[in-house]
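Okay, got some structures for you below.
Each of the next two complexes has subunit A plus one more chain, namely subunit B in the first and subunit C in the second.
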Partner chain A sequence: MLAFVIRRLLVSVVVLFFVTIIGFSITHLLPGDPVTSILGETSSSEARVRVRQELNLNDPVVTQYVKWVGGALHLDFGKTFRQGSPVSTELRTRLAPTLELGMTSLVFSFVFGLGLGVMAAVKRNGPMDHLARFIGVIGIATPHFWLGLLLIVLLAVKLHWLPAFGYVPFNENPSENVKRMIMPVLAISLGQLAVLVRMVRGTMIEVLEEDYVRTANAKGLSRLLVLRRHVLRNGMIPVLTVAGLQVARIAGGAAVVETVFAIPGIGRLTAEAVQGHEYNVVQAVMLMSGVVIVLANLLVDIAYGWLDPRVSYS
Partner chain B sequence: MTASSLSTSEITIYRQASRSLPRLGLRYLRRHPAETVALCWLILLILVALLPAVFAPYAPNLQSLKIRLAGPSSLHLLGTDELGRDTLTRVIYGSRVSATVGLLSAGFAAVFGIPLGLIAGYFGGYADAAIMRVVDALLAIPGLVLALGVVTAVGGGVWPLMLAIGIGYIPAFVRLTRGSVIGEMGKLYVQGANATGLSPVRIMWRHILPNIMSPLTVQVTVAVGLGIIIEASLSFLGVGIRPPQASWGVMLKASYGYLEQQPILSVIPGMAIILTVMSLNFLGDGIRDWFDPRARG
Partner chain C sequence: MGFVARRQVSRRRFIVGGSAFSAAFLAACGGSSSNNGNNANTGNSKAGAATVGGTPPPVTQVAVTSTPIVGRALNRSARITLTNGVDIDSFDAVSGTGGDGQQFLWTVFDNLVSYDAGLRLTPARSLAESWEYTDPATLTFKLRKGVTFHDGTPFNAQAVKVNWQHVINDGSRSGATADLQAIDDVQTPDESTAVFKLKHPDGGLLTKLCDRPGFQSSPTALTKYGADFKTGDYKRNPVGTGAFTFDGWQSSNYIRVKRNPNYWQKDAPAIEGVEWKIIPDPNTSLAAFQTGDLNLLWGVAPDRFVRAKSFAKTRFGQKPGVSIGALTLNTARPPFNNAHASRAFSYAIDRKQIIDGLLAGTARPAATWVGPGNAEFDPNYQGLWFDPAKVKAELQQAGLPDGFKFLIILGTSPTDLQLMQAVQAQVAQFGLKMDVQPDAAYTAKFQDDHLGDGFYSAYSGRAEPSQSFNFKDAAKGVYASSGTKAIDPQFESMLADLESTVDFQQRKTKLYKLADFVSDHGWDIFLWHADTLAIWNETVSLDMFGDGKPHLGQRDVSVTA
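And now, the complex of A and B:
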């Protein structure tokens, strides 16, 4: 097991190295002059020289890369062009809403995805199964942000149940915080819920037909016990593998959903940064989301090896 | 030979052989209503996207400020937007852009992903390890964030979006192709081709690829749908397709400012997206069933 963990750790480091290469090359090597896109076509030559200096564009590409990664290791991602404040400070002040939104969505989609998926598989063609299949089909075809728009129209504009926009920190006003989180969480979660429900339902149906489940039923174990001990435990393994992907999807979804609901998080920061050509911010976000997702995948791999001992020997 | 001299089983075989592909296709569609509806919607969409001027009642950027934000009426079936432009017309012209971006980005991902997957699966070893680590790294950056990064560098528009969305979908094609290739490697026809001394390129391209086309085709339909969704997301953020050009995402962005006055403006383009993406997914399921009836769930 220890050797397995170490091996996965080393692979993660290699993957992270490639993440830095991709993050760097997308903004540095693609066609398009960053100086022009930051300053516009009609800019003074002094301003151009200053921006080139700030972006280290006069150095050879390899030096630029080493400087960037070196800075990133100390959480130094340079400064924003507009305000001139450090990018890491910007990220830190925007972190809390995104974390809250992301974690809540993750928990919400997993709890409901598992529950609905299991219920659908146990009683096939029942009402829960129909609901599960409906969500499975609709959920993956609906853009996050459009669901957000629809929720605003319905729950805020028409019914006046919830406030449409904004964010209030939980420690300032818990009830306002929860009210403003409901719609964004729903908007982000439906897509993940759909993927999970499909996955859980499919796996559970397969597991329910296994010989060992028939044996467990035949020897007179209660239905709940069979489900908990034999079905769920084996059905969890494939579900776990999509957990890493879920983190990635939620991180991506946050960018649009935060913009829809005017939540001052990392996602909205990124969207604004793209419009304002804040290269340093976009690069930092790419790198940070890469780190988070590689870590999530590492945890999933380790949990996988722990749940299914065969994995760690392969 | 007369029919009476044939046994019943021979008649069945005879009948099946004489059945033409279109007739088999029709029978398949009769039994799968969801796939039929999906196919009809997609055909309509393609027609509309190819010939928008024939189907659209007005010119796409024709404004008339007197009737801005109007609800549905006999003159404007789906109402008008904030500049008095006909919503049905804009949805029709928008289909052109959304479909183009979806198809181009899926094509881009397939063109780069399939060869890389073939190489990784066929050669294994270091080539496989190197390709797969890069793929893991690409997967570690959420597709939308990656697309945002590309758009920061190269700006908005149809071609940049092809690149921005396509790059993020390369990993899916690499993984699927690699897995399928590994599944084929042990089969006799590959060993036979190897034994006759054919070049690896020829074996991959002419022998293995045709045998793994069906999962890849399914993946393309899914990729087109995802491309349409990401285009809409980027345009909604104001960094994708540039107004006044209409795309479904551009229309949704414009509607965001008028959620209270005219909610139907945000409903229509979203419905178009959902119907299209759902249809593509159903089409993908249909293709899989058609080629591999055992996979029916």
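And now, the complex of A and C:
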């Protein structure tokens, strides 16, 4: 197991190296000019040339890349162009809302997706199955931003149950934090929940029809035991794969949901950085996202072995 | 030019605050509630210009006064909560560039010179009690006594000099440097007198000082935190003399200011503080207003403004401003180096149809860079507005009777694209084949790569209109210097003459002669001046200024119980 983890970590370094190259290339291919973003559209060509030199944007792209990677290895991602603040500080201050939003959404969609999917498979064609299929279709078909706006209109404007926007740290005001997190979590989770429900339902139905399940039932084992020991455990492997991919989907969805709900998180920082051509911020976020996704996939791979002893790490 | 200017100035020496200069502004502009009070025909109206579809609609305004509602007591502990779509780029007025920044700056800072809602210079709002051109190259300010910055530093002549140096200092990376290029030196004969020695007269200088170049920062704070754009920290620690002190900022979340108990204006401000919530999505902003999380919503889009009409306990403000939707043409190459071609293009656009159809009637046809919010605005001035007969005549004169093909580039805003598609459809009936191409970097590509034969943008305009002619059309402007705008010595001479003229009426006459010149040469296509639209809670009272920006400092806003 240890050798497997070390080998995967080494491969991850290579993956992250390519992430930095792709991230760097994409940011530099973005249409627009960071200097125009800094100085405004009314700036003169002379002023733009001067600022370009100040920010070392005239250096060859390879030189810029090497400088950036050198800094990133020391967790120095440079400074933002417009405000001159360290990118690492920006990331640190924006991390908490996104972590809270992402983790809550992941847990919410996993717990409810799993529960609803299992119930739909067991009570096939029953009311729960219809509900699961309905959520499966609606959830996948509804964009995050639209669902977010609908929730705001319904729960904030019409019913006055929840505040329409914003973020309050949990340690400052726990109840206000929870109130302001409900709608963003729902908006970001529904899509993930739908994917999981469909996946769990489909996998469970397949496993329920396997010979070993029929055998277990024939042996007289309780329904719950059969489900827990034989169905759920075997059906979880593809579900786990999807759950790993959900991390990336939630990270992407955060950019939209944080913008709709005005949450000052990493997703919104990314959206603002792309619009403002903040190369250093976009590159740092891409690298950070790469690390998170690589680690999530590593954890999923390790979990495969725990769920299915046939999986070998050799 | 210098001789002419000297004569003009020496004859019309003035002290603002009871001066001829101020009186000229007042006479020209009428009441504060409407800049269209200026009905004097300056004789600049273009003879024979078409009026079909081009008569500006009457200005309608609702609730644009800071006078509290009669019969209700002021709630001095109230806060104004509003939203801004983007975060501020710098709290240092000088190094910031965003057009959204002033609304914050006007709460924490005061300007050496300030204007009122009609964009008329007024000492009552300024840190200078009076100002006087003692000769064409000397502008003397008498400063308000007993004013201190929020950190206790006294405001005096030396502070004015330090702030001038801050603007012209290369390290501040200021976009305002060019605005003060006429100043050679600032002398400080005593604590309350600052003397600007000018390289040449600059008639627009006082109005320019009402914006970023004129904000007064604490010299102590500039030194303490460092004013250099790259290394200094003053841009995050603003210290002014304003009605409010800086109370905190969380990036992309909020900006807060609170009452300055030692403010130099008696009984001001009338509220406890202001909080800006940074909400990027306008739909969320509107919902937050409905839920009461915000009590002021500024810069509302026309469709949302119409939708908000059903809101209860809400007041609505609509104010003609200085912003302008315009097409800046590449006049250095075909087809628009031919004035008749660009004039045909302008005559082919039915502005009123687009304003009524796509902008909910909340704009008015534009004829030049001078907008209805400007003190110099002439409502009778006619532009090259929709006239099918003239399109055909101009095309004949251009030698292009069957029309021509060209490319207009623009940003990625869906609204702007919709507007340009409407223009595209209108001009197509005259054989003008207009291609439209959205591009996120359109202005940079227009300047640097000469992409497109013109670009569309909603330009924020300027309180001092000569600045617009300067940077849009002059040789030292961004387009001429990038090779996309024709340079004409006659225009340069006329602009220099305008810039050296101080008298208001003379400036206004010369401004509209410049407008004639630009129209005759077809350098820009002026489309519409969008009104500023805002909504606020019924307990809030505020002034809407002609510059289109929220003014929340001084006594500009109050809340009743």
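The definition used in the following text is that the second predicted complex is superposed on the first by the 273 of 314 C-alpha atoms of A that agree within 3 Å, B and C clash if a C-alpha of one lies under 4 Å from a C-alpha of the other, contacts with A are read in each partner's own complex, and residues count from 1 in each chain.
Please note the rule applied: contacts are C-beta pairs under 8 Å (C-beta built on N, C-alpha and C of every residue); 3 or more make two chains touch, one makes a residue touch a chain.
Being a predicted model, the structure only gives us computed values, none of them experimental.
So, does A:Phe261 touch the first partner subunit B, the second partner subunit C, both, or neither?
Touch partner of A:Phe261: subunit C, not subunit B.
If we overlay the two complexes on their shared chain A, which of subunit B and subunit C does A:Ile26 touch? Say first, second, both or neither.
A:Ile26 contacts subunit B only, not subunit C.
Which partner does A:Asn173 contact after superposing on A: first (subunit B), second (subunit C), both, neither?
neither
First (subunit B), second (subunit C), both or neither: which does A:Thr142 touch?
first
Is A:Ile152 contacted by the first partner subunit B, the second partner subunit C, both or neither?
A:Ile152 contacts both subunit B and subunit C.
Considering only the touch criterion stated at the top, classify A:Ser222 as touching first (subunit B), second (subunit C), both, or neither.
So A:Ser222 meets neither subunit B nor subunit C here.
Using the touch criterion from the header, give the chain among subunit B and subunit C with more contacted residues in subunit A.
Answer, by number of touched residues of subunit A: B.
With the two complexes superposed on chain A, say which partner A:Asn58 touches: subunit B (first), subunit C (second), both, or neither.
Neither subunit B nor subunit C is touched by A:Asn58.
Does the superposition put A:Met286 against subunit B (first), subunit C (second), both, or neither?
Touch status of A:Met286: first partner only.
Would you check which partner chain A:His160 touches, where first means subunit B only, second means subunit C only, and both and neither mean what they say?
After superposing on A, A:His160 lies in contact with subunit C but is clear of subunit B.
Could you list which residues of subunit A make contact with subunit B in one structure and with subunit C in the other?
Touching subunit B in the first complex and subunit C in the second, residues 30-32, 145, 149, 152-153, 157, 164, 259-260, 271 of subunit A appear in both lists.
Give the list of subunit B residues in touch with subunit A in this complex.
Contacts found on subunit B: 133-134, 136-146, 148-155, 163, 225, 229, 232-233, 236-239, 252, 255-256, 259-260, 263, 266-267, 270, 273-274, 277-278, 281, 297.
Considering only the defined contacts, which subunit C positions touch subunit A in the complex?
Residues 86-87, 89-90, 97-99, 173, 175, 178, 229-231, 235-236, 250-253, 277-281, 283-284, 287-288, 290-291, 293, 439-441, 443-444, 447-448, 457, 471, 478, 481-482 of subunit C touch subunit A in their complex.
Which positions of subunit A touch subunit C when the two form their complex?
Subunit A residues touching subunit C: 30-33, 36, 38-47, 51, 54, 82-85, 90, 93-94, 145, 149, 152-153, 156-157, 160, 163-167, 259-262, 264, 268-269, 271-272.
Mind listing the subunit A positions that touch subunit B in their complex?
Residues in contact with subunit B: 11, 14-19, 21-23, 26-27, 30-32, 34, 37, 137-138, 140-146, 149-150, 152-153, 157-158, 164, 202, 245, 248-249, 251-253, 255-256, 259-260, 270-271, 273-275, 277-279, 282-283, 285-286, 289-290, 293-294, 297.
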